[in-house]
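Before anything else, here is the set of structures, which you'll find just below.
Here subunit A shows up in two complexes: once beside subunit B, once beside subunit C.
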Partner chain A sequence: MERIVQILLITAAVLMIIQGFLHRRKHEKDHSHSSFGHKHDGSVFSIDFYAYASRLRTWSPKYKAVFSMVCLLCCIICDNIYVSCAVILLMAYITVVMGGLPFRRYLSLMTIPLVFLFFGCVAIAIGFSGSPSGDFNLHLGFFYVYTSKESLWETLELITKALGAVSSMYMLTLSTPASEIIAVLRGIHMPKLLVELMNMIYRYIFLLMDTQCRMKNAAVSRLGYCDFKTSCVSFGQIASNLLVVSLKKGNAYYHALEARCYDGELRFLEEEKTVSAMQTAGALLSVSLLLCIWRLTV
Partner chain B sequence: MTKKQKKLIVFITSLCGMFAIVPAANAMHIMEGFLPVSYCVIWGLICVPFLVIGFMHVDKQVKENRQTMMLLALTGAFVFVLSSLKIPSVTGSCSHMTGTGLGAILFGPCVTSILGLIVLIFQAILLAHGGVTTLGANCFSMAIAGPLVSFVLYQLLSKTGVNRKVNVFVAAFAGDLFTYCVTSVQLAMAHPSPTGGFGYALIKYLGVFAPTQIPLAVIEGLLTVVIVIGLETYAQDELKKVGFLKKGVQN
Partner chain C sequence: MAVNRLIEKMEQEVILQVRDLQYAYSDEKMALKGVDLDIRQGERIAVMGSNGAGKSTFFLNINGVLQSEHGEIFYRGQKMTKKTMNDLRKNVGIVFQDADSQIIASTVQSEVSFGPMNLKLSRNDVRDRVDEALSYMNLTDFRHRPPHYLSGGEKKRVSIADIIAMHPEIIIFDEPTAALDPVNADMLEEVLEKMAQEGKTIMISTHDVDFAYRWAERVVVFCDGKIIADDAPLAVFSNETVIRQANLKRPMMLDIFETMREKGLVKDDRSYPKNVEEFKYCI
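What follows is the complex of A and B.
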């Protein structure tokens, strides 16, 4: 049975890659592709940007949240390498092909958690001891660095599990703007104070980021980042200045809200998005597929 | 020098070089899916009492004066922005502050726990640092344990009359370091070594993260000092409002 599941998963991957290539050829002229890897400059909020641009924005946020959480839990609870691979493929398909996110951007977003994954897995896969006690040993003078087939396999399982979980989370965050996710949290009766704070913080993040960007440009153009010591001082001064400015603005924002009858609750107009029968069927089908794979390979 | 020693030196140099190049992008957020379900639930439950205390504290303040809400929102956004900024580093790698040490020193551990929770949710949604299932574990290490240590140390040291800058540095540094230790403990508990068990896994995790986290903690401490100096110089009034300079510390 395991063989069949392996073959099916590989076929699905190949089909997706082929479709991805065809898709890319069609769109090649409109895009300029940046190099591989996640760049932090200027694209701090790239996830937010893609969430607004996604074709899946018309789907109901509640539906997307429930679906991605169910897949995420499947991935973690089943703890099975085939289920994890299936989740990775399924979520990549939904986000890239159905959501219209450029594949390269998706890959570069996937590199964000890679650093943690690398360190976390090195600690699991590798051991140190005085004698060669694993399947693969590396003699380093005083001690051996060793690893065994089981621990390598365990690490591989962990990597796929973590990537599966991350990709189901990406399915949600790359198709749903934060304000809609906050609305979902309000829907599950998170305390009003927290929801309110989240809404305000979400708005202020962008205002502060903008202010910070201008302050930093001003500092850079006056040689504020010429060496390490200077850049530490400039960074600290910008940060403290940012807090001062934002606290000063707080009063003005409060009066502006008071003038518009703020009574402790911000109410936003939420678009009504319904779940179609097709979407429900799709979600049920995918989840049962995942469970099938799990049953077949346990 | 024997051949063996030469080899060892080459190996250590290359290892250090590797650590220097690897970007330490918020390496201490446990990523989505890295913990088994039981640990996600346990750490979430451990956080609950702290968060409830923090929530009640914040709720009371907001009920007394609704303007506090605005202040909280702005400081929350500030902590988020601070933690998403690239800090200056020697090797040109990409690393970030946690900003929670500063939060604990300025606003106390109650407020920081609530703001930290929200900041962590936004980091998961907007930056893909951390995750939903590991929110409990991350929340405990970054929004509760670290800030608590910073706060307690800051209070203790300010009673003994240590130089204020040293005090701020020590508090922020220790808070960051404690966060890193707690995260290592969490990882070691979830993935103990099959041969040596929990203790062995803990040593491995501490060792693996040390080359990035210890310099980062030093930088975080230095930056926090610079920020506090800046705030003391320019924002006496605002700081009084958030309760930092309550006890007349203009010495």
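What follows is the complex of A and C.
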């Protein structure tokens, strides 16, 4: 039974990579992401940018949040390597093929948690001892570094489980703009204070980055970054200036808010996106598939 | 004809009356030192004056954001107090100079909905107003964009749509053309023209004397916290003392026209052209 599931998963992975690749080729011809004015560098900006460019943006954010949470819980509760692999593949399929995110971008975003996972898991996989033990060991002068087949398998299970959970969250963040995620949080009655703070912080991150960028350019153009010592001084000055500017801007914002009848609560019109029957069916099918895999391999 | 129009306007209903308004940010320096002003229905007012003359402070006061200890503001004959300040905010809208310090939401649609939501309208009304304001400013395609992926001109349009959606009686623009390229500045002027046609009352603070001369029906000049001139553009710009005191310049059209008239190149029939079209007609 296990063999069959293994083969199925591998086939799915291969098929998905091929399809993703074909999709990308097709897309390069009719390049469709030119609708945004400009693009920022850096990963925070790019995640935000991909969320806006994703084809899944028209889906209801609530649906996406619930679906990704269910998949995440499946990963953790089933605690089964095949389920985890299936979740990783499923999420990659949804994000890359259905959402239209370039496959290479997805991989490069995935490397961020992978690096952390790898270093975290090394500690679990290996052990130190004074005498040779385990299935594999390495003699390093006074002590042995050893590991066993079981602990390697355990580590692999842990990595896939964590990666499955992370890719579920990635599916949500790479297809849903922050403002919609915040709206979902408001919908589940998260404290108002937190929700409003999130809204404002999200907006101001970009303003702060923009201001900092302009200050830095102005400093660079006046040789403020010509050597290490000057760079340090300029950096400090920009940081302190940023604080002063933020305080001033905060005041201007408050005036602008008050001018539009702000009374202590931020209220916005939120889009109601409906969930289609197809989407519901798709979610049910995926979850039952995961449960089937679990039943078959336990 | 201009005089007739002015008289016609004089008879219009006064929306806002400001009496002896004084305001100080801190104890030492007064930003406004006793301002009196009547704003009538459908007027186009240009507010001029050097930086720090008190224009922005005045706007924040008549919008109710800043509240003065001294002086009175009447909205349609009713004296405004702390309790009725929200009436003032509903009916006087300010488009701030820096669009980035006005925009708070993370999509264009929710940004424009912020004002109407605060007016406690029903969901459908808010939606209608947002749709209307977006199409007014040609922003319908930008509806779901976040503000950080918009250009400067687009952000300015969003900040104007913000105010239009609230349906205020008086719309104030604080130096609207300051950060705009010529194409966007033209777009703005078209919008202003459209609003004026619809009978909206508009107040603009600007340093552009040529713009004020061709657009405004009334020019109010601030200097050191006081109003030193309040008249038709021609009268204000012909007054040398006012121009010198407020650090203004004479509009180019006025200079050219007067020079040509001195040389006998145009008819001297006491009508002054306001823009290039009217000028062509004079020659």
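Please note the rule applied: the second predicted complex is superposed on the first by the 260 of 298 C-alpha atoms of A that agree within 3 Å, B and C clash if a C-alpha of one lies under 4 Å from a C-alpha of the other, contacts with A are read in each partner's own complex, and residues count from 1 in each chain.
Rule of thumb we're sticking to: a contact is a pair of C-beta atoms (placed from the backbone, for glycine too) under 8 Å apart; a residue touches a chain by one contact, two chains touch by 3 or more.
Quick caveat, the model's predicted, so the values are computed rather than measured.
With subunit A as the common reference, the superposed partners subunit B and subunit C fit together side by side. When the two complexes are overlaid on their common chain A, residue A:253 makes contact with subunit B and with subunit C alike. When the two structures are aligned on the shared chain, A:200 is found in touch with subunit B and with subunit C.
In the superposition on chain A, A:52 contacts subunit C only, with no contact to subunit B.
Contacts of A:267 after superposition on the shared chain: subunit C is touched, whereas subunit B is not. Comparing subunit C and subunit B on the residues of subunit A they touch gives the larger count to B. Judged by the touch definition given at the top, the superposed model places A:112 against subunit B, while subunit C stays out of reach. In the superposed pair of complexes, A:208 makes contact with subunit B only, with no contact to subunit C. Between subunit B and subunit C, the shortest distance over C-alpha atoms in the superposed arrangement works out to 11 Å.
Note: residues 48, 178, 200, 202, 207, 249, 253, 257 of subunit A belong to the subunit B contact set and to the subunit C contact set alike, using the contact criterion stated above.
Those residues of subunit A that touch subunit C in the complex are listed here as 36-38, 48-49, 52, 57, 177-179, 182, 199-200, 202-203, 206-207, 210, 249, 252-253, 255-263, 266-271. By the touch rule above, subunit B contacts subunit A in their complex via residues 4-5, 7-8, 11, 22-34, 36-37, 40, 55, 58-59, 62, 66-67, 69-78, 80-82, 84-90, 94, 114-115, 117-119, 121-122, 124-129, 131-133, 187, 191, 193-196, 200-201, 204-205, 207-209, 212, 219, 222-231, 234-235, 238, 241-242. Against subunit A, in their complex, subunit C makes its touches with residues 60, 63-66, 86, 89-90, 93-94, 96, 98, 100-107, 109-111, 113-119, 123, 126-127, 130, 144-151, 154, 162-163, 166. Put simply, subunit A touches subunit B in their complex at residues 40-41, 44-45, 47-48, 69, 72-73, 75-77, 79, 109, 112-113, 115-120, 122-124, 126-129, 133, 140-141, 150-151, 158, 161-166, 169-170, 173, 178, 181, 191, 193-194, 196-198, 200-202, 204-205, 207-209, 212, 225, 228, 231-233, 235-237, 239-244, 246-251, 253-254, 257, 264.
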